[in-house]
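Just so it is clear, A, B, C and D label the chains in written order, and each chain counts residues from 1 on its own.
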């Protein structure tokens, strides 16, 4: 057991922090002003992407599988602390071609794309030339239970025909977004078992019948790249656009989610660290009723509790990353559910405290806190609601307990009672 | 002791609910679409105001003081349940001329305006012809400790000259907003005691030097009427615009806050009831993993805990209203601090649960939840941060305890120990 | 609506406080030393009982039903603040013949006893000459779901024969305890509906086959009067000892619980007030790191939050008391479930804070805090576990919501989307 | 970074678990019955100690310093998982000569004893022949701020004379307890700085003037070995009994606390694991209202949240252990404060949930839960109250933040406002 980053990881962290200080932080205000003015800051991003790629900070998220692909693909345990640094500027992951949902799509395509799909869709994604989105959640059903998903993917001759409505399709408004991976019911007759009825297809966004209905605000925040409601009406794509095989939708989704959740969690840790930095700085600077806020014991408690919670959560996430690296997504399934809940709750808790220390300013857009808090609230649904993940953990624990129950008898100590 | 509303109050409640069903609810979607389109829904409001006034639902908030004023002014305990109903549609208070910050301003003017001020400013407010705002909070200092306020109100001949910067000045963008009441330092030399150095002046918004810098978003939400940042630069008003006397700023602010906080709290209760209604309805309708959400014990806990908390909070607020009615603002000071904290925390807690039951939809603008949650978060600062009010309660409690301490000896029961 | 105690109630409160100061508090240390030495302080109690009865403070808990009974029977709303005062000394209720479980037993007998049962059992209870206990909870099943109860009450000729095992039978070790009311299954064949299979019988404690197995500690605390495990083996009582009719066990239990829970809750409020008094007194007196504990903002928060919670809970309990008085036990069923949860949680929360302010001393028996905390923890089971009561509240709320759901449509404001 | 135990540590764990199953668990009921009967189970312990020592499971806690001492002294990171196993039976640490407060005393003597003190006191402790206690906390002052300690240690010729009163002196009633290490004020004139005025002396318990006043119950629980109140009245010991030098009391205390807190925390983790095991087993077995408790979503949440919290806390504690091993007590000071708070809070939280699943039985002594909960409550004071440790963490965090504050400017994004 060893809690230090390896020297190699420390080097990566130094390079990332250095890049952030030299290039990202100086661009932060410009990014926000462009976005606030309703303009996509794509030129800013393009120039930063060139810089990052030139410095070898590219595709860091993708554990090595095939040679000759662009980028520097690290183990999850090595990537995690870099995702933490990226988290401090929520828009910065794309600079390193490491942003959701493209990362998850690239992972799936990496594992399951046919050679043609590889060339047409994955290669330009790996190069950062195009963007993609992932259409899973539906407005009309509780999508947390993915068996509820209703969008139909119907085979019709050499095509699939897609009909349905999705929302929270992130990235669909990015000017370079070219395709969606769509999850839907391919087994209309419900002949297969419940978890073998869904499939995924690649749907180019310019296919007739695809309509981006609106950019859905999350806690009043409109993402530049969109969390979109998208309508699919009689959308027809060639059968070759099927990802994996028919009925493999759930299996694909599982493959997608392990590392993606690690990324989310580590970015969340980074955001919480930023919030703690800001909270402390504000507490040291502001005075009320004759003392600095930092001198009030309740504010000190908030600071200390944030530190306790962040450090614990980080270790927990890193352990899950190590488990994925060592034993694979499936073996880490319960651990990944666990960190998802921990990270989402951590964010709202730490951010809430930071906002309180900032007073009214914490509610405005002048600090990153309001956005991060909103994002944290959304994280309690993104990648599945907390309740679903708690259930996964509980069921695992109960299975374990069922085996151990017999050995617990010696721990009970009722008094000897004569008959 | 009696926990029933009087028959008169029940009649008022019925009239208000009836008006809401006939006129307000049918207008809700129109109001939101106008606002979302960036248009102030003033015509909609005007027509509803005419209806409300015609039905005698006007100026309900203002306990009777002088005859011959428009409106039906009720005791706080009678008004409270009506404010609860208004709370269900956050934009509806204005229909009854009962919206903050005008209500607080009308209360202050009612008590302290000179006859000239009365005619010029209060009368049209009572008639609903103009609107007003209140410029207190400043971006550069912890305004929770109002002795920090720095905006200067300097006497210069027959005028006062105002210089400073305010924010969270609610209502300044209402198309009928005509004046602000501004709090600032009038005792530049700091000769008076700390709580006698501030004054309030009436500043018409069209006075040269007044500039609305921006509409500050609260958790990304831009209010139609604005929560504005306002700059005052060399703003000159006649000395007759002074409210009360020089140095009376704190005393005026105190007079303003008691009933105003009751209103906020009761509207909050109404919003929590609405959230609970929506949470239950959603839980009954949505299914996941083979059961309705309403059948999950954790969702049941959220529902029950919300009911427990709402009912307790309502009683607590009503008791404070009764205390103001019976003993005055000053006697109810600690109670009003107490309900402020309770209501603000209640809102974020209940709304958070409701949002969780709604899934991703709870984050959007399609339901009132995201707005109400944001507003609840802001309530933890509006009318002063929770921490300041907890301090007020604690100090009161400690004062009480200091007197009682001696009588506690018999409760200690150390064993008899021989010397 | 009116939040003041009536002048009559205020008089009762003054008499009770006065009696407590003159007689109870001076006896507190003696009571504890007797108990700690393992001697039942029955003589002390007897002399205090005489005093209380002489002053007319007797059987205050029992709303008037029949004339010519000893004692001064008050409405629940009048009795509640007196129970609050009694709560400050957990042993003091018996002085006024107002202690559980005798109060509940007296209520049941009052309503359902035959004339013979009345004379034999209720009269001496009302006079305070004997004590009783109530045998409901069983160690082998989840008794929170009372349909699980297994003790059998079998008709055999002119007798009932009882077999089973109970625990948490409070008061069975009181030297004057003469009988238990035992709940068990009378419908062995399970022919009646699930809630009509249980009955209650009066079992004199000296009946052959009754054995007090042990005094069960609650959080290591052994009650002087016992929370006993009791075995019933072939216990035979005359059929005339049946309470009410066969199969009426559940109905009787319901009748018993309404006011009894109010009493518990109000005593709990009194205990929380005492804890808050002690917490404040300690915070004012102790110093650490150069300040009194009362000057730390986190300690202030604990004090203020305790006040906020206590005051809300008291109002909530009083409202339920008023509802029982006005509309009866059945109408108040959900409210009584609600206050039960609120009060039990309140106690552990407030006591926990008080203990923390007292430091290590709070863990000892030198203050009442450790006992009250333990008792509070037990309250989360006594009268049913919180979870059962939350379920009752949730189901009621969901029923209400089912009716209201249709009226909620106007609150949803999705944007207009063209087809 | 690596989250696996080394093969060596895994071997130790297997040996310890094996020993526990073969020898400890079968003795658990006997231990409890002896203790409940008021007899010290010293013979049982002696025979288990012989077995443990014979198997080489002895003095595991003491990182190697000098050769030729009995026992197998491990690094803290290797010892921690063994302490976790010991935690499952709170009385078992002594079997391995690893119980507080002897461990802390041995650590201090190991570092600071003179050769004579080594031979007289440390050797028999290392052999398990005698026991010791540590007299620090005082009833009359807030001992969390150790500068408050008042017991005087006055030089008088060749002796020190000790006067004062201590409590929570654990182990003083162990039949083999031979001496206390006493902390007191040696600098009566307060000439040295506040942290250089206290000293520690070794006081044989049979010295005239030492009186064990009582065994203080913790939440009504009387420890077999005692948490004693001890009076020192004119107690005279030779000057050679001074530990370290005069005025070194605080420095000695610091040296003592690092690893000791790790031990406490790891035992706590073990206790929480046991509670989770029991909670799951009970939830699987009990039925209420037609379902097993394990099928209720709220119970599932409690189980899952316990797992999330335990795993995070364990990693946090292990990281602190690794830090002590690698960088020393002083470097790990803040981390040790952090884990102390985390572990103590964890215990009350997890135990509380387990008790709730067990129903009334959870309150009794029939399961280990009531004891463990009480102990967890006490842990919030043992080794210092949580509040003191949160303060340490907060101050460290604020120091760090003070340096970083300047670099935070780019994160603020106020809109551009024209002058």
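One rule holds for everything that comes next: a residue touches a chain if its C-beta (ideal position, glycine included) is under 8 Å from a C-beta of that chain, and two chains touch if they have at least 3 such contacts.
If you want to know which protein each chain is, UniProt gives these names: A, B, C, D = Acyl-CoA dehydrogenase.
Predicted model, so just to flag it, every value in this text is computed and none were measured.
Listed here as common contacts of chain A and chain B: C, D. Steps from chain B to chain C, taking the shortest chain of touch contacts, total 1.
Across the assembly, the mean Cα position most removed from that of chain D is the one of B.
Across A-D and B-D, it is A-D that has more C-beta pairs touching. With centres set at the average Cα position, the gap from chain B to chain D is 50 Å.
If you average the Cα atoms of chain C and of chain D, the two centres end up 38 Å apart.
Averaging Cα coordinates per chain places chain A and chain D 40 Å apart.
Within chain B, residues 296-298, 300-301, 365, 387, 391, 415 each touch two or more of the remaining chains.
If you draw each protein chain as a dot and join the dots that touch, every dot ends up joined to every other dot.
Chain D contributes residues 1-6, 9, 25-26, 28-29, 32-33, 36, 77, 88, 274, 276-278, 280-281, 283-285, 294, 297, 300-301, 303-305, 307-308, 311-313, 315-316, 318-319, 322-323, 338, 341-342, 365-368, 387, 389-395, 397-398, 400-402, 404-405, 408, 410-416 to its touches with chain A in the complex.
Across the interface of their complex, chain C is touched by residues 213-214, 229, 296-301, 415, 417 of chain A. Residues 137, 139, 142-145, 148, 167-168, 216-221, 286-289, 293, 296, 298, 352, 355-356, 359-361, 363-365, 370-371, 373-374, 377-378, 380-381, 385-388, 391 of chain A are the ones that touch chain B when the two sit in their complex.
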